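Shared between the two complexes below is chain A, which pairs with chain B and chain C, respectively.
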Partner chain A sequence: MALPKEVYKALKDIVGSENISDDPALLDSYRYSLAHTAIHLGPYYDTFTPRGAAVLLPGSTGEVQAIVRLCNEHKIKFKASSTFWSAQGYPSEDDTIQLDMRRMDRILEIDERNMFAVVEPGVIGATLQAEAMKVGLNTHIAGSGCSCSVLAGATSYFGSGPSNLYGGWHYENLLGAEWVMPTGDLFRIGSLGSGCGWFCGEGPGPSMRGIARGFLGAKGAMGVFTKCAIKLFAWPGPESLPVEGTVPAYRVSLPDNFRAYTVAFPSWKAWADAAYLIWDTGIGYLAHRQFNMFGRELKYAMVKILTDPSKTLGDLEELLEDPEVQRVTEASKRDFQIVLAGMTPRDLAWQERAFDEILARTAGWKVEAMNQPDVADWSLLYLLRLGHKNLNLVFGGSYDGCFGLLGTADYGTTHVEESGQLKKEWEEQGAVVQAGGDCTMGPIGGQGGGGTCLWENFTCFDPYERESVEGTRALFDAATKLGLARGWGVGMEKWNAQCRGPDGRTTPKEERDRIHLSAPQPSVFRYQHKIRRAFNPNDLGDAYYETLDDEAD
Partner chain B sequence: MPLEDFAAEMDRCSQCSYCKWIPFDQVRSWRFAKNCPSVSYYNFNSYSARGRYAVARSLIRGQSGYSDTVRDIVFTCMTCGSCDVSCKVCRYNLEPLEMVRELKFRLVEDGQGLEAHRAIIQSLDREQNTMQRPRSGRGDWADGLDVRRLASEKGKVLFHAGCRLSYDEDLQQSARAAVDLFRKAGVDVGIMGEQEMCCGGRIYAMGYREEFARFARANMAAWARAGVETIVTSCADGYHAFKRLYPQLGSGVQVLHTVEFLARLIQEKKIVFRLEVPMTVTYHDPCHLGRQGEPYVPWDGVEKKIKGQIVVYEPERPRYNGAWGVYDPPREILRSIPGVELVEMERIREYSWCCGAGGGVREAYPEYSQWTAGERISEAIATGAEALVTACPWCERNFQDAAGTMGEPMQVYDLVELVQKAV
Partner chain C sequence: MNAKKARLAEIVGPDHVIDDPGIGESFTLDRTVRPAKRPSFKVRPKTVEQVREIVLWANETLTPLVPVSSGAPHLRGDTLPSVPEAVIVDLAGMKRILKIDRRNRLALLEPGVTYSQLQPELQKEGLRVIMPLLPRANKSVIASLLEREPPMSPRYQWNLLEPLRSLEIVWGNGDRFYSGSGTFRGEREEDWQQGLVPVQGPGPGQLDFYKFVSAAQGSMGIVTWASVKCEVHPEFRKLFLVPGERLADLIDFTYRLLRFRFGDELFLVNDACLAYILAQDEDKAVSLRNSLPPWTAVVGITGGQVLPREKVQARQQDIQELAQQSGLTLASALRGCHEGELQALLLNASAEPYWKLRYKGGAQEIFFLSTLDRAAGYVATMQAAAGEQQYPISDIGIYVQPVHQGVGCHCEFILPFDRGSQAESVRTEALFRDASHRLFGQKAFFSRPYGIWADMVYGADERTKMVTQKVKDIFDPNHLLNPGKLCF
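Moving on to the complex of A and B:
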């Protein structure tokens, strides 16, 4: 339904006619395909999020406040997004106004001495990293890659990635923030609220980080974040990355204080022990089981393609026949990637020795083919910048994670083979890419740098083919069933099922209540219900801010 | 390929927005990280390759219809191909540039073309140039040049001046210089003079496929009559048309851009530099010479799946991702000119920022076109260079205009002019 004329006009007066549109075709470019990736529900063939009532491109905090106030006046739902990679940033109810925050894209400050940056929503990992490196600093980049908004990851959703190990999850790095509350009032979080600057997310000043962010992020359902400060960390490399190579096989050769290794282990226990020892010793700049996302059987062949600009996916089958590729593939079954960065030569020497000792104790080995200079330099660049994450979708155009359980290293290693086996059986049926069952990937290190791993089993499929989409969904249902039967819990494949249903719209309340009541900590959602009542009195967000009211039990 | 045949790609586009940025590995600053002029200027998602996939899907499914907004979304695409390069850093089964072109064709076929473009097409039919100037003046740029006219004589090597150089009095000395340099290097080069016709490349980029084909066939026939085996041009648009589009219609003529030919002649010592040109310069890669200057490879195949759901092609489809465009010859020339110091901008080679003159944008959206050129001038200024050198008259014109409007003292040259200064 179109917005009432006077409302549209009032919105136009706020942002200017060039920054608002309700053209149906333009609005359709703000609909997310639910036959697609990282939706963590479905996938559903040929289903899209609902068309918004209008799209607005605000240019300042003042404009955002004015829009939100007008929405309150007319009881119109709104949803802000910054980089739009995943479904939760799009309306889940009809007649919602979509705010596209990309015009607010400045890096307002990089405080070199206090090691933080102040950014607007449109700043992405790549641009912040490039600017931070100029002053010897770096930013954490979420696993979704450097195309994503730093602010979105820090204030509103998840935020985990390879540099958790050294840089911390994005929510841990969130310092002061400017929040246009669901009512349109402006709230300055942390030290910012007491006029002390951006340096702290808690105090001196109102310690509202948890309230504003909520469980895993409020996902655009609780107002709009217009600025935030993000903690940076040390970068012991050059001011800019000296990138070489022919597209897409770019690579970087860095000074001698960097190492990028792929390592593998004789058993999953050894793998987990290595992770614990890495955390205990405090070594490593980033660590991730990254290239296994292509699948246990395909990963090295894919590396061969990606590091050779003359190759394409059409070379895959031939590469898989190559005995050398088969040997390396076999040798890197239980692998991960790690980057060591020495702040001084002595530091690197110590980290190298410690890492060798870890490998010795766990009987692990360095996968030499992956550590050859050209491949290691490609891998180093890939991991540092995380600018190739569209490779998640390289095969058929779509992927989503199943299982995806967050827990200790042992937790993941107990289910990786069994879940991989289930997936392998489904792969044989043809709906998803046959990659060897185990396409499990994720960071080595979570909150505070250690303690947890995230194990997401990548499932690649073709969003254009109904059988592929529906077969993937059947696999995901089987994954949930297995997870519940084995006591691992419901996996990532159903993460958002409590927020959005098969028609792209909000899940019915009874279903949401059922899911929230069966969650390990339902009280989190009860508490969020109270917060929403207090801060969002007109209920202008959607169900991505997860709540459980008092009546539900 | 009809627009409907891109339906699978529309669904397989991963909505990642990589097409809005230069390849991320190459990002060196906040200021110069963007790649797509249209989404950078208009900001709505629909003005990116990703958004255009979605808009096209909406149109072919009848979920929306034509409107002024839709026309703007489609025709503000410069067809610069920068999105294509960034997308293909990770993807092997999408062709966003091809899709955007097809979308333009569809709108034109449905009578949804822009008035500004229609006026050009009408004049083109009569005058055979895109500059809306009389046909009779096409050869004036070469007045007094001692060079063979291949409209009446035979010759193996043809220099094609193109519409812009034929009519833009400020720029055409570089066409004269090119011919002069070739002649002095002993190349028996000829021109078509007044009989030269538009290559059709620019109208192809505006969405006029049929009209393009007519011009392509006429040009190919004229070349055949004259016995032309090699065609040389200083225009990147023309180069792309001859190199990538004409072979699709059967042309087998060898195509060289002036910079490729000059680099060869310099290497062979047929052109020798005698003078210093003390100047710090930066070089702009024209989109149609760089990332779109890769050689055409015929392909007639189909999609197939391996490993269940991996989309590949039978036989293997050529991959145009900007890796093998013409990047080094102009740089080799610049480095070989005594006194010239080349400093690079941040966005170069396959991820170069567009000059803003492409896709019919200069003709229909002048402000946006100038903004795009202005962005490049700012990037050139950031290098500390005194001059911005390019290898296409459309880029040169747009840069000169933008520098003038901005009041910037940045000098803009065609590379041929620097070569001429040094010999």
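Moving on to the complex of A and C:
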């Protein structure tokens, strides 16, 4: 249904005619294919998110407030998105107004001494990183990559990535924030509200940052964040990354205070021991099990292709036959990548020695083929900037993750083989890419200083082939079943399935209620319901904000 | 027997209901504005079930409850009832350390566990918890963390609530709830063995429940256990003192350490503050104050799990160079203070009497958050205000504690006064009020708004007040938990 003329006109008056459209062709470019990486729901073949009622590009907080107030007046749903990297940034209800926040793309401030930046929604990780590096600072970049909005990850979704360990994840780094609440009222969170600057997100008194985001954010269903401050951390490297090489083999050679290693271990127990020792010792700048996303059996062959511009995916089969590739592949079964960064030469020397000691204590080894200068420099750039996110999709055009075991290092390592084995069986059936079952990847340190890991098992498939899409979904259902049977709970393959269903629209209430009632603590969703009623009385978001009302029993 | 008392005795046992407990000894000056009201009873629950029953009973009878976990003296007025006929819920008897897990570096504690009780137990397992500066010996670890008291080691604070993690909360509505990765009792061995370890702080879900009970002065819920992240107990440690003539002289150096996260303990104190830390009595405090340098940066270096000596050595050399670049020197001793003596103090809770009270018997604190570059400006404001109120400037203890890995800092002014002297009390109170307002006008963020600060901050930020009140209505709909505090 088109928006009433007078509403459209009122919206146009707010943003200007060049920043609004209800042209169906344009609206269709703001829909998301659920056969693709929809982030933990589906995948659903030939299904798109519903068409919006209009797309608006607001240019200021004031404009956002005016839009949201108008939406309240006319009871029209709205959803903001900053960089649109996954389905949760798109409406799940018909006739929703879509706010594309990309015009608000300024870095308002980098406070060099106090180590934070103030950004608008359209600022992406790469831009903030480039500016921060000029003053010896760096920003955390979520695993979704450097072309994603910093603010979206920090305020509204998750925000975990390879630099959690030293840099802290976005949750931890979010400081003061400016939030246009679902009613259109402006809430300046933390020190900002007291007129004391951006440096603190907590208080005064009980921290109301707690209604803006928890472990996860509100996924665009509870108003619009228009600015936020984000904590930065030391960058002991050059003012800009001296990137070299030819696509896709970009790499960076950095001064001698950086090391990028791939290391591997004789058992999962030893792997976990090493993680605990790294955390206890307090070393490491970035740590991720990264390239295993290509699969236990394919990863080294893929790295050979990606670091050599003369090679293509067509070389993969031949490479897999190469005994040297097979040897390295075998040697790096239980691996991860780690970057050490020395704040001073002594700091690096100490970290190196400590790391060698950790490897000695755990009988781990450096995977030398991965530590050759060209490969190590490629890996270093990959982890530092996360600018290679297209590689998530390289095999079949799409991927999504399953299992997502989240907990201590012991927890994931105990179950990784079993989860990989299930996937391997499904790989053999042909719907998903055959990569060795274990394509688990994730941070060594789910939060600042470590303590947890997250094991997302990448599953690559062809989004344009029904059989592949539906076979992937069947695998994900099997993963959920196994997770429930083993007491791991529902895995990340269903993280958003309670929000959006197979038709691309909001999951029916009965189904949502069933899922929320079976959660370990349903009252979480009951409190979220109360919060939504208090702060979003006209319910102008969607079911990505998960609630359970009093009637559901 | 009074019906209320009878019911409470049924819940906690007759020995644990104390009649007419008085308001307790308080050191706050704020009582003239909100005079404390005598509570009817004090109850001492031992279990979460009892706590929950008390809260449900309070909801039935509309009885105000004031939760308390630490022992006296209470300096900030937050545990003094603001309404009549309240029941004090004294959690100090819930003193069990439910678990210490070396591998995951977590301790699971009840609210009555104090730092002095916890540290030796942790040490046996090779662990320690980062501490605030010289807490009272009877200070509850959980209460301190909930109140966001700054720890001395900013480098471990990836967020401002660290090292607090999962909680068990009985909300004001009587609902028992687990925040973070809690979702389970947390003390069961089977859970830990299955990897269900309460290691997360945030969530669960899209709300951040533990934020609602932080700095809430007990007004949202009663926390009955918490998991706390621990650090490795250092096999090897050193402490350095870096003297400066002016606070500004030490700021650059401190920023450099924060940038690199060098230094474990890291804070700045003026001569008076360091004297109050070191001295056991008034005379000694005065003589020390006169001999110590005007400002000192205190820098601890620790080496733990792997190659501790090498680490400490590398850090020491680096920090020495950074100090030199700032025209400063690392010292092991100053006139009046030796690092060994100070280190021994800092690793423990305060000896009795509490260090802030030693000089004059009473002390008023003014503290807030800001950024380090503003600290010298606040000192100037405070000193100007003290001059105008004829409060002796040299008595003001000043403590500047970087927080959240250096993004901000806690600034604290300690104003000793003789509680027996009406004139001193009046003068100190006048200074306290005047300075609080002036500092707030200078962007001092009173993030933990005790007493008069609550009116100041909520008066200036109507939106936060409204949001906070709505959240209170959800978790404590009858406003029974510590009524009269904050904006409730």
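Basically, the second predicted complex is superposed on the first by the 546 of 553 C-alpha atoms of A that agree within 3 Å, B and C clash if a C-alpha of one lies under 4 Å from a C-alpha of the other, contacts with A are read in each partner's own complex, and residues count from 1 in each chain.
One rule holds for everything that comes next: a residue touches a chain if its C-beta (ideal position, glycine included) is under 8 Å from a C-beta of that chain, and two chains touch if they have at least 3 such contacts.
All values derive from a computational prediction rather than experimental measurement.
Student: When the two structures are superposed on chain A, do chain B and chain C clash or fit side by side?
Tutor: Aligned on chain A, chain C fits beside chain B.
Student: Considering only the touch criterion stated at the top, classify A:427 as touching first (chain B), second (chain C), both, or neither.
Tutor: A:427 sits against chain B, while chain C stays out of touch.
Student: Looking at the overlay, what does A:354 touch: chain B (first), chain C (second), both, or neither?
Tutor: Second partner only.
Student: Figure out whether A:205 sits in contact with chain B (first) or chain C (second), or with both, or with neither.
Tutor: In the superposed model, A:205 contacts chain C only, not chain B.
Student: Which partner chains sit in contact with A:185 here, chain B, chain C, both or neither? Use first/second/both/neither.
Tutor: second
Student: Tell me the contact category for A:281 with respect to chain B and chain C: first, second, both or neither.
Tutor: Once the two structures are laid over each other on A, A:281 reaches chain C alone.
Student: For A:85, decide between first (touching chain B), second (touching chain C), both and neither.
Tutor: first
Student: Would you check which partner chain A:485 touches, where first means chain B only, second means chain C only, and both and neither mean what they say?
Tutor: A:485: touches no partner chain.
Student: Please give the least Cα distance, whole angstrom, that chain B and chain C reach in the superposed model.
Tutor: For chain B and chain C in the superposition, the minimum C-alpha gap reads 22 Å.
Student: Would you pull the chain B residues touching chain A in the complex into a rising list?
Tutor: 7-8, 11-18, 21, 23-30, 33, 42-46, 50-52, 54-55, 57-59, 63-65, 67, 69-70, 73, 85, 87-94, 305-313, 316-317, 319, 321-323, 350-351
Student: State the interface residues of chain A toward chain B in the complex, per the touch definition above.
Tutor: Those in contact with chain B are residues 18-19, 21, 23-33, 35-37, 55, 57, 83-85, 100, 102-103, 107, 123-124, 126-131, 145-147, 240-241, 243, 246-248, 250, 252, 298, 309, 312-317, 381, 385-398, 427, 430-435, 460-465, 468.
Student: Where on chain A does chain C make contact in their complex?
Tutor: Residue list for chain A touching chain C: 111, 113-116, 136, 168, 171-172, 175, 185-191, 193-197, 199-211, 213-219, 231, 233-234, 236, 276-277, 279-282, 343-344, 346-347, 349-350, 353-354, 357-358, 361, 407-408, 410-411, 414, 447-449, 451-452, 487, 520-521, 523-525, 527-528, 530-531, 534-535, 545-546.
Student: Which bits of chain C are touching chain A when the two form their complex?
Tutor: 103-105, 148, 156, 158-161, 175, 177-178, 181, 183-184, 194-197, 199-200, 202-217, 219-220, 229, 232, 255, 258-262, 304-307, 310-311, 314, 317-318, 321, 369-373, 404-408, 440, 443-449, 454, 457-458, 460-461, 463-464, 467-468, 470-471, 473-475, 486-487
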